[in-house]
Structures are given as structure tokens and as C-alpha cells.
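To keep things simple, chains are lettered A, B, C, D, E and F as they appear, and every chain counts its residues starting from 1.
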Amino acid sequence: MAESVLMGELSWPEFEAKTKAKAPFFLPVGATEQHGPHLPLNVDVVLPTSVAVAVAKNVGGVVAPTIPYGYKSQPRTGGGQAFPGTTSLNAHTLSLVVRDVIHDLALHGVRRLAVVNGHFENSWPIVEGVDLGVREIRRDGIHDFVVLRLEYWDFVRRETLDRLFPEGFPGTDLEHASLLETSLMLLLAPGLVDMSKVPSDGPAKFPTYDRTPVKAGFVPASGVLARAQGATAEKGKWLFDDHVELITRAVLSEFGGQGA
Amino acid sequence: MAESVLMGELSWPEFEAKTKAKAPFFLPVGATEQHGPHLPLNVDVVLPTSVAVAVAKNVGGVVAPTIPYGYKSQPRTGGGQAFPGTTSLNAHTLSLVVRDVIHDLALHGVRRLAVVNGHFENSWPIVEGVDLGVREIRRDGIHDFVVLRLEYWDFVRRETLDRLFPEGFPGTDLEHASLLETSLMLLLAPGLVDMSKVPSDGPAKFPTYDRTPVKAGFVPASGVLARAQGATAEKGKWLFDDHVELITRAVLSEFGGQGA
Amino acid sequence: MAESVLMGELSWPEFEAKTKAKAPFFLPVGATEQHGPHLPLNVDVVLPTSVAVAVAKNVGGVVAPTIPYGYKSQPRTGGGQAFPGTTSLNAHTLSLVVRDVIHDLALHGVRRLAVVNGHFENSWPIVEGVDLGVREIRRDGIHDFVVLRLEYWDFVRRETLDRLFPEGFPGTDLEHASLLETSLMLLLAPGLVDMSKVPSDGPAKFPTYDRTPVKAGFVPASGVLARAQGATAEKGKWLFDDHVELITRAVLSEFGGQGA
Amino acid sequence: MAESVLMGELSWPEFEAKTKAKAPFFLPVGATEQHGPHLPLNVDVVLPTSVAVAVAKNVGGVVAPTIPYGYKSQPRTGGGQAFPGTTSLNAHTLSLVVRDVIHDLALHGVRRLAVVNGHFENSWPIVEGVDLGVREIRRDGIHDFVVLRLEYWDFVRRETLDRLFPEGFPGTDLEHASLLETSLMLLLAPGLVDMSKVPSDGPAKFPTYDRTPVKAGFVPASGVLARAQGATAEKGKWLFDDHVELITRAVLSEFGGQGA
Amino acid sequence: MAESVLMGELSWPEFEAKTKAKAPFFLPVGATEQHGPHLPLNVDVVLPTSVAVAVAKNVGGVVAPTIPYGYKSQPRTGGGQAFPGTTSLNAHTLSLVVRDVIHDLALHGVRRLAVVNGHFENSWPIVEGVDLGVREIRRDGIHDFVVLRLEYWDFVRRETLDRLFPEGFPGTDLEHASLLETSLMLLLAPGLVDMSKVPSDGPAKFPTYDRTPVKAGFVPASGVLARAQGATAEKGKWLFDDHVELITRAVLSEFGGQGA
Amino acid sequence: MAESVLMGELSWPEFEAKTKAKAPFFLPVGATEQHGPHLPLNVDVVLPTSVAVAVAKNVGGVVAPTIPYGYKSQPRTGGGQAFPGTTSLNAHTLSLVVRDVIHDLALHGVRRLAVVNGHFENSWPIVEGVDLGVREIRRDGIHDFVVLRLEYWDFVRRETLDRLFPEGFPGTDLEHASLLETSLMLLLAPGLVDMSKVPSDGPAKFPTYDRTPVKAGFVPASGVLARAQGATAEKGKWLFDDHVELITRAVLSEFGGQGA
């Protein structure tokens, strides 16, 4: 029987066999964040984990446990911290988590790691965590550790976006809890989506700056920044296939396959 | 249809309804740690999460996402950091994660939280994280936040231990990857257990001190500190029922039921 | 005689008069980073400072000393840390600087602050620094402190970009040391620009992920990510006027004028 | 044409040429702090920067951007944090800034650095920042990095002090915003000095201890701790010449000249 | 005359002679914590220091200054932070102290260190401090530093406990300020014990969880968790002899004697 | 019988009585640092503790446990970290210790604290620790906490110094392990002084800057920076009497007596 691609489901001898085989590892980094009234708080956990699992299957890889709490949601990209349920880490905390996980994976022989981000606001604390981790393991004498750091949503074909947004792609920032994420969730976790609750108060109109404190009414009351109407599992499949295929290609290009 | 007890599966309005109903929240804290050749690395994630979910169902509660990386494994209680796959956080990092999660839950109206620890070495960084979190939210003006902090395995009846260990309970410390955890995993995640790989190199004989660096041979080569032989799902059920019933009782005693 | 808009050039009684008049304050955050062979390392200091000074003059504001070291340059947006001269702070360090400055400004009565970012990679450490600072002063009892946080380059008219890039705007990320920054420097600090050294090895073709360590040849050898050819002071003026006018408008809209 | 001695005004290839030529580098560390009603808040930025630039010209050196925020002003030496405009960093923050700058300069090949302090209270956080930075780069394998750490005002001839204070030098601590700094500012930035506002409420009489909180009336209301009367640009020149000549001598003695 | 075993009482040449002779070093870690109305706040300083001194005499060792402030007292094991006089450090602070002391001892040539804990709650911050310290000195190139980390009370013979508790040993946790510590203090610092004030409100009955905030009445009002009645210096001697003999044995076993 | 002035020797009810009586508290901060071949490593612990105890007796005060590890020794003021035995904390670590102790003392009702520094290099980390502690307790609602922060050696009469140094006082900095400290130790801990080992390689001639790394020969090989010859217990008494009398006066002046 095929072993799990989930690191958590391996015994330590199985894990060790993977590192000896030079398997690439994947670290999904998620968030617990509002995604409107029609989606659950774990969207940013489900999506990067699902993508990482699918890519890992393609390349003989292993998926480390997903970090389920991410960096603070921002009003213009995730609705902001004020929405009930959005539960986040300070930037330094998240960077330290990433640093520590990299340290220990490297200690155990992992040499090729792809950090798969599922939450826009995580990008920079992950950048820092990777830098801190790599500096640390270099001081421990490990110089051949390679990290890819990516946002899964950046791996999409132009033509797919054109199919999804015949009137033009509004841009990643506004896509929070909107067509893309909703479609992916309909594909991957349909039981957690309630399309009857898709709101219609978006898309948000944001200025080109942040304001603290956030003014009343700044963010659509629903927490959905663009539009989720029209989301379907089929559209989710278009996206998911792009994400998995293009990330697989990147990973193979940078790492080679298992045992390579 | 009954809503999920998993916070991650709630939408933000559902989460808000829970906080308004004064639901108790549960925060499982796990680890990614070797548990011998017959158990997966995620034992300390699966067990406290399962216990928390069962208790939450009993009391109308909500289970926040499990923190999947814990404090550094120690040789005398978990085999130590050298076992492949054991991937841990610095104490300060873990304490900051707990602090930050408490901060945000409190911000959103949670007032009763049970932190359910699933990994022995986590206890003290959690103690500190709770203290840092509570100090912080008090400075933000929140004075009615109550935290229970517990190790699930402490909630067991004397007579259950006697039934499990007719020749005497060896104590919690040595029970790593042994009869208790193996039985619970056979109950809760049997597909992740391979009883054919249960080793027989324990129980460990440890001195009453730590030594850094660890000497070769100090820890049983298998990573199992006591004995896993004789583990069964039935024994796991005895334990699980105790854990759930006694923690439920403690939670009701300290918090009252939902909406109380 | 008109007093300086530079906080550093005010005596403390003059500073105090400004806070009593409810003047808006500006905190430029820069970087010391390579900008190709034709531009100096201080581009990201000169530009946000110049913009902030011009806006401050419009609104009766005060410009605090520019933070001259920023967050680590990234290969895809600034060439990366490996370019000689790029001298940066850890994310946590930069966030603490911003936090501490906010703390003290608030202590002295400042209530309206615009943080004017001049370096792409600074955005997130500034976001965190603002959040840490605001949390801290709230605990000190200050609840009416308002922060705008902005990237100056986001304040540009569509038609200006169309004039500058008749063949289409390549996007902000790639614009490092390229047409926009070069034109602005030709306007604001022409003595520091050597157009004879404008390279022609761009534009860069980057994948949609980061890789650590950076591969040889990943970044154009010049450090210029797009194209700087065609930069002129006149184009710099188009941009600068946009930046100043639109930021002035935003500041007046959010803060009102001096003494308002 | 002679290149700038300011690192910020160099392009990266010019910076690289400097490091290859083994140029000594200078890092001025200033403060934003009240200096009485007759001097601006940036005295501690202007003075060490001016000294560093003059010394750098003498020795073929390069001056890194001045850190413009320093450690907290103390009542007995700078008037204390309560004076409007005094905007400071926590000790740890300032030490981290110094550490990070040293790290990156060393990474880029700088091997001889003089940290030129312009603010009394900075001395110890700089001491710590230098130590943290040097420890860190040693762990990165750099063992030939030499740092001089100095307060510019310590480089003065006994006979100059005697000329300036015919009745006896009151000591550096009390000299805040007084004769020395005022004279230097009259030399270096006369447009920022208003001699008509020189107060006469000093010199301060301090006990030999700190008290927190500071009592009303503890510090002269003007913020000037000794006397600024009699300050002239000519006296400033006596001082400046001493500072530049003696620091130049120290730098040459420890580092040799450029390319040495 | 025999030199002191106390590091603080050695001159630096004497210290140097000790490190050259490869003497084992001891670092007692104490606390300032309530120990009931009959014992002083320094019990956890006196006891581990006394044990360390006696062991050091046996093995030609040196005792570094005792860290007198420990980790936060917990209600179930020390009465909690609310008792007057209990004065503690954050976990991170204590870990950093241990890390820094290890760093400097290693720098000076110490290679064998026993950390002798005297306060239950210190165990985990010490574990972390040792790990941080050892990681740091390894990065400085020191790979032969050995640390024993121990709680002195764990070094006791079963038969001694049986003599002390004919009706059964209640366990270490509850023994705060009770028979064991009181007997040891009667032996080692009788002038600080007032047996007339031994309370009789124990033993405490604790649940198997922590609750924050602590409820009124949760901890016995006296701060004594079990029973101190019957404590005598003679019983203290039984304990002390066990502690010293068994720790001496462990130290010799792991380190060999001086010069070994 | 008179109770101890040592906090560590009080039971918690005795401590509580002291805080209710508004007793002033004293926190000595020492160091473990080389003091030449004739003095022990604990000079900076013995001296401030002795002074604090004597003052406390005068004013009905209480002396908290002395912090025995201080900030890093500097070459020009203590010989530097390279001398065997000098064992120090990072600045941030020491500041956190001071912060945490202040936090807990304030929590328990202490409102008047004198921090008595015994080690030159400690001054600034203590300044920061006091500031961090006071900021923290203010956020906890405590606004009437007063701290004096002092170096005991600053409390000396001009005429005493004239008696001690008929040829002129060389200044505090150079007085490390020299006449003053040696005389005080002869008074307070004569058994720890070996006058036969007083070296004669001083006084040191230092430049007006620090250099890292320290050059060979920079510090006198003995570690004594000035001269210890001529030290006597009688001279120690002159000094000690001054220290105690003048600090007592300052404490009474700022705090009033016990119960005032």
C-alpha cells in the first residue's frame, strides 16, 4: 500500500527513508480567517494543503503539517482583524515558527523544501522566517538546503484567468473569499460551502492606503471583497489543475524528482 | 444540520454566534514527534484533537485549529530531538503562538478557553503562553477571560489504570509511544498504526537527570520508551471514555454549559 | 520666516506648537539598496522624503526623520541582498523601530501620522510596526491616534502611467531602478544620476516563486529589473506631481488640514 | 569628479570599488532629541555626521547613512523623554539596528568600521549592538572585521577645553545643548540656531541618582543643562578641528589609510 | 589553605586554574518564592546551593553564583504568583540568563557543567536555556561541552522516602514547603525556620488542571501544599546525604573527577 | 528579635507586613567579573549588597536578592570579557531580569524601590530595565511606583576622595579592582583579599575609543586598571561610611522613612 504523503502520517523510519531518498518536502502555511458568510474560516488551510498534497504525489514528496494560524488579516486584502474568528499571529511569531520548522527539518536531513503559502498576508513573515532559518542552519554547517517559497495562486495560466473573468481579472488582492477561493472550495471541500449565503455587497472600493483604525464601512460587511457569484466546482478544477501542474513543474525544475 | 464543532469549519457569522452564546472554546496543542516504528508522527495531534472534539460536542463548544508543532522532545520523555521527523519549536516561539491565539480569541469575544495539551514537553511553554496572553488582554481591558490548561492524559480513573496495568502503572513520563498512546491510536486512527512493528527494546532505564549531548544508546533505538505490546482499541476506548468524561465534567464545573 | 517642515530642524518648543496645532506628521521609511549602476543607494530615502516634504508643505505638516535602513531586498523586487551596498534590517528590527517611533510621537501629542514608504519590501514590516505601536499606545490610554500607511508610488493617475508606458505598464514590482525611479531621481537629485550608465540587460524574467539561495544569473547583473532608458526629469515631474497631489488629497480627506 | 563620501550617494559598483579598496567605513549614530529652545532636534544627527564626513574625506572613507533615532534621553544628560520632540528607541531596538547594519556591511566586504556616536545615551546600546553584530558575523565565518566605537566629543585637546572654559570644564554630561553643541551647530548649521532664544535657567544641579518618575522642576525648563551663552562658530571650529584631527589620527592608527 | 568551591570567591587566576584542571562546574538555579509562614522566601536558593557546594567539594568542582530568581510559581506546585514575596522571571528571561551564563563559561574553558535546579517550575526554562546555550556555543566552534541538568530532589533513595513517609510518599509536586524542604532547612539554615508557625491547612486537594485566574481558596491559605509537621534536622540529614551522595555519583559517572 | 533586612530571609507574611508598612525596597545588581589577582570575582556582588543592607537597616528597608550576573565587562572599564571568570549577560537579558523583578515587586505592593548598581557596565541595561518595568506596571494600572537608580560609588564626599587620592582622583572608570574596591573589600570581606598579589602593571593608558576585537596588551595583564597599592580596611571604612550615609540621605529624602 502506498504510504501517505503526509509527514504526520509517517512513522519515523518512514520519514527517515524519505529524507534518505532526497524527497522534496512541502510546508503549507495557512490562516484562520474570515472568508465571508458562505465559506469557513479554514479556507487558507484547506487550499494550500490540498495543492501541496497533490504536488507531493506528483513528485514523491512529503507534506509537513500545515501551520494553521497566519499573519494578521489586512482590511484591503482579507477584511482585517476585526471580523469574528480571524485569529492570527504577530509577524515575529510566524517568522519564528517558520524558522524553527526549517531548522529541525534541515537537522533531520531534508534538503529541498517548498513553502506553500495559502494566505496573502503571510508572504512577508514567511520570507523572513525562511531567511532566519537558512541563516541559522548555515551557522550549523548546512549549506545545501534549498527553499522555494511560493503563493499557490500565482501559478495559474493567463488563459484560465481569462476563462474565469471574461470581463477582466480584478487582481489577486481583491479576490478574498471571492470567485477563485469559492470555486476551489466547491471542488475540494463542498460540504463547507453554503452558496445560498454568498453576499452581494462587493466588490470593495479601497483607497491606495491603509488606515488605522479602520473606519466603519471600509470593508464590505460580508467580508467578501470581490464577487463570489458564479463560483462552481468546475471552475475550481480549472484553477486547481493549473496550480498543481505549474507548481509540480517548478518543483521538478528546481529540485528534480525523488531520488534525483 | 448540526454545525461543526471545528472552528475552522465555521463561517464567521457562525463563529460569532458561538461567542455570543458564550460557548467554551478548546485549543488543542500537539506536536510532530516520533512515536516509534508502529505509530505516526502525528500521535500528539490526533489524540488531543480527538479528545477536544468529543468534549466540545458534550458541552456545545468549539475546537480551534490544533497547533501541530510543539516544544522540543526530550530524551527521557519523548526520545529527544535526534529522532528523524521530530520537528519542534523553541519554547519562546510556542509560548508566543499560544499568546497570540489567546489575544485574538479574546478580542473576538471568547471568554472561556480550555487548552488541551497532547505532548508532555508542551506543558510549560503553554503555561507561559497562557500567562503572557492573559497579561496582554488584561492590559487591553479584558478581565473576565478564564483559561483551563490541562494534559488530557491526566484525566483517567485509577481503576482504568489498574485494569490497563495489572502489574502497576509505570508513570506518565515513560508512556511515550507505549500502551496508552498505541491503544488510543488503535481506537481513533487505526489505519495509522502498524502493530507488526511494535518494538520490544523497552522499557527505557533512565537516570534522574538530563545529559546534553545525549549519549549513544541512551534512548531505546525504537523510540518507544515503555511497552506497546498488548495495546488494543478496546483499551483505547477505556482511556478515551475516561478522558472525555472527566474533562467534560471539569469543563462544565468551571465553565457551565453553553449559554450558561 | 517659514519654519522648516522637517521635524529635525525644529526646536522642541516649535515641535510642541506643531502638536498643539494638531499638525499631521509624516514618517518616511526608506532603504539603503542597490538601484543599478546609474543610481545611488539612497533612492529609497530621497524619494519618499521628497514626497513627504512636499505633501507636508501642502497641509501644514511635519516630516519626522527618515528611517534610512529598510527591510531586506528581495531578488524579484529589488535584486536581493547580495548586491554590494544593500544594507538592511531584519523584519523584527524594522517593526520595532516603527513601533518605538510611533510610541514616542504619540507620547508627545502627535495624533495623525502618515507613514510614507519608499521601499517595496518595507511594506509588511511597517504594517506590523504600526500595529505593534498602536496596540502599545492604546495600552497607555491613547485611543485617538490615526495612522495612514502608504506606498508613495501607488498614488499615480492611470493616465500618467499610460503616458509613461505607451506600450503598457509592466507593474510596480519590476519597476526597481527603472523608468519611474530614474525619472524621479532626475527631477529630485539629478547630481546623483549617471544616465550614461543605464544598463540594458533587463527586463528581468522572473518565475512566480522565490528560491533560496538565489541562482547565479537569476537577477540581471546590473540590478535594474526593467528598463531605465528614456527616463527624464520631465517624466519625473509628472509622477511627482501625481504623488504629491494625490497623497495630499488623501491626507486632507482623512486628517483635515492643520488645526482642523 | 570626486565621488561622494556618503555611501547613500554611491551606486553599487562605486560601493563595491570602495570595499575592494579596503576603505574604512563610518556609521554615525544620532538621535532626535530636544536641545533647548535655540537648537533643533537634529543636533545629534548633524554633529556626528559632519565629523564622520570630514574624517572620511581625510582617510578615503565612506559614511553610511546616519541612524537618526537614538536611545532614550535621560533627565540628567539630555533632559529626559518628556520633552516634546524627543523620539527614541528602546535599547534592544537600537542594538538590533546596529547589529543588522554591521551584519550586512560585513557581508558586502567592509572590514573596518568606525561607529561614530553623537548622542550620549547611545553609547551602551551601541556597545551591545557591536557585540551582537560581531558575534553574528563570526558565526558566518568572518573573523577579520574591526570596529572602532567612539563618542566624537571625547576627541578634544585639553588645551581646547581650557580655552573654551577658562573657569573649568563642567564635564560632558552637563554639556547637553550647551556651549559645545551650540558652538558646533553655529559652525556647521548656523541656519538652525537661534541665539536669541538661548535660555539662562541652567546649569542644572542634579543629584547622583536617577528617579522615575522624574519630579517636576528636576530638569531646567529650557532643556539646556549647562550654559550656551558665549557660543560662537569660532569656538565650534576649535572643537570641530580637534574632533576631526584626533579621530582621523585614531582611524589611521587602527586602520591605516585607504588601500593600506 | 583550601580554596573556596564558590566561583565568586575565586580570583580570575584561580578560576583559570580550575578550568585548566578540567574541574566540573555547578550552576544552581533557585527562586524567590513563598514557602509558607514557617520558611523564608529563599528556600529554593539555599537548598540547591548547599547541595551543589557539598557535591563540588566531593569532586573538586566549582559552584557558579546561584541564579536567585526563578520561573513563575504555579498554584498546584508552589502556591502561585499571588503569594506576597514570590518574585519571578518570565520563562524567556530565565532561559536567556541560563543561555548567557553557559555561553560565557564555555568561552572561558569550562567544559563540564551541572545545572542544579532548586525550584520545580524552573525545570523547563532551564531545559530551553541549556539548549539555546549549547546551540550557540556550537556555532562558536565548541563541541565538547557537556551539561547535566538535574533537580536535586530526584536524587533520593526509595528507602529514604519510605522512612520519611511511612504512610506513602505523596509525590514531589505537593511537597512544596512541606516535610522535605522544612527538614532540609532545619538542617542547613535552622535560624530561618520557625516551626511554631507550621500551618495545618494542608494537604491541598488539586484538580488535574490549571485555571487562570486562580479561584479563591484554591491554594491553602498558608502556602504549604502538603504537611510540614514532623520535620526535623535529622530527616533533613537523611535527605541531604542522599542528594549529595547520589549527585556526586552521577557527576563522577558522567564527568570523572577533577583533572580526569 | 529583629527580622532580617534580607527579603530572602523573610517568610511571606513577614514580607507582606513590610509592604503594608510601605518599607522601601533595595535591589542590588552585581556582576561576576575579574577584579585582578588579589580580589575575587564577586566584588561587584559583595559591595552593592553590603551597602544596600546597611542603608536598609537605616531606613527600615528590605533588600531583594542581588542579581549576581551583570552586563558584559568592557576593556576600558573592567578589563573586558576575555578575562577568565568574567561571566555576563547580554544587555537585553539583564534588562528583562530587572523588568520582571520590578513587575513582581510592584504586583506585591512594593511602591518604593532603590536599584543599587555595583558594576559600572550595568548602568544602562538597568536604566532600560527600569523603564521597561515601569511602562509595564503602568499598563497594569500601577502609577505610584517610584524607583531610584544609583551607582553606590557616586555617593562619596569630595573630601573623602581628596583624602584617598592626595595626588588627584583618577576618575571612576579606571578604578576597577583598584584602591577603592580593594579597600572596601578589605573592610567587608577581608578573607577574600590577598594583598600579596596586588599587581603593579597599572595604571592603564587607554585611548578614547573602543576597539573590537581587543588588541593584545590593551588591558593590563593583571586586570587591575589603576593601582590597588595602599588599600586598607580603614580607607574602605571612609568610603563605606560615605556610601551608606549619603545613600540613606537620598532614600529618606525621596521616600521618607518606613511607614512614612
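Keep this in mind: contacts are C-beta pairs under 8 Å (C-beta built on N, C-alpha and C of every residue); 3 or more make two chains touch, one makes a residue touch a chain.
Please read these numbers as outputs of a predicted model, since none were measured by experiment.
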| item | value |
| --- | --- |
| If a chain touches subunit A and subunit D alike, it appears here | C, E |
| Shared chain contacts [subunit A and subunit C, defined touch] | B, D |
| Interface numbering overlap (same over half, different under half) for subunit D and subunit F | same |
| Most remote chain, CA-based centroid, reference being subunit E | C |
| Rounded Å distance, subunit B centre to subunit F centre (Cα mean) | 47 |
| Rounded Å distance, subunit C centre to subunit E centre (Cα mean) | 54 |
| Multi-partner residues of subunit D (at least 2 other chains) | 90, 92, 139 |
| Contacting chain pairs - touch in the sense defined above | A-B, A-C, A-D, A-E, B-C, B-E, B-F, C-D, C-F, D-E, D-F, E-F |
| Subunit D residues touching subunit F - in the complex, by the definition given at the top | 71-72, 74, 90-92, 95, 121, 123-125, 127-128, 130-132, 134, 146-151, 154-155, 207-213, 246, 250, 254 |
| Complex contacts: residues of subunit C adjacent to subunit B | 135, 138-139 |
| Subunit E residues touching subunit D - in the complex, by the definition given at the top | 139-140 |
| Residues on subunit F engaged by subunit E in the complex (per definition of touch) | 6-13, 15-16, 19, 32, 34-42, 45, 64-69, 81, 83-90, 92-93, 96-97, 99-101, 104-105, 107-109, 192, 194, 197, 223 |
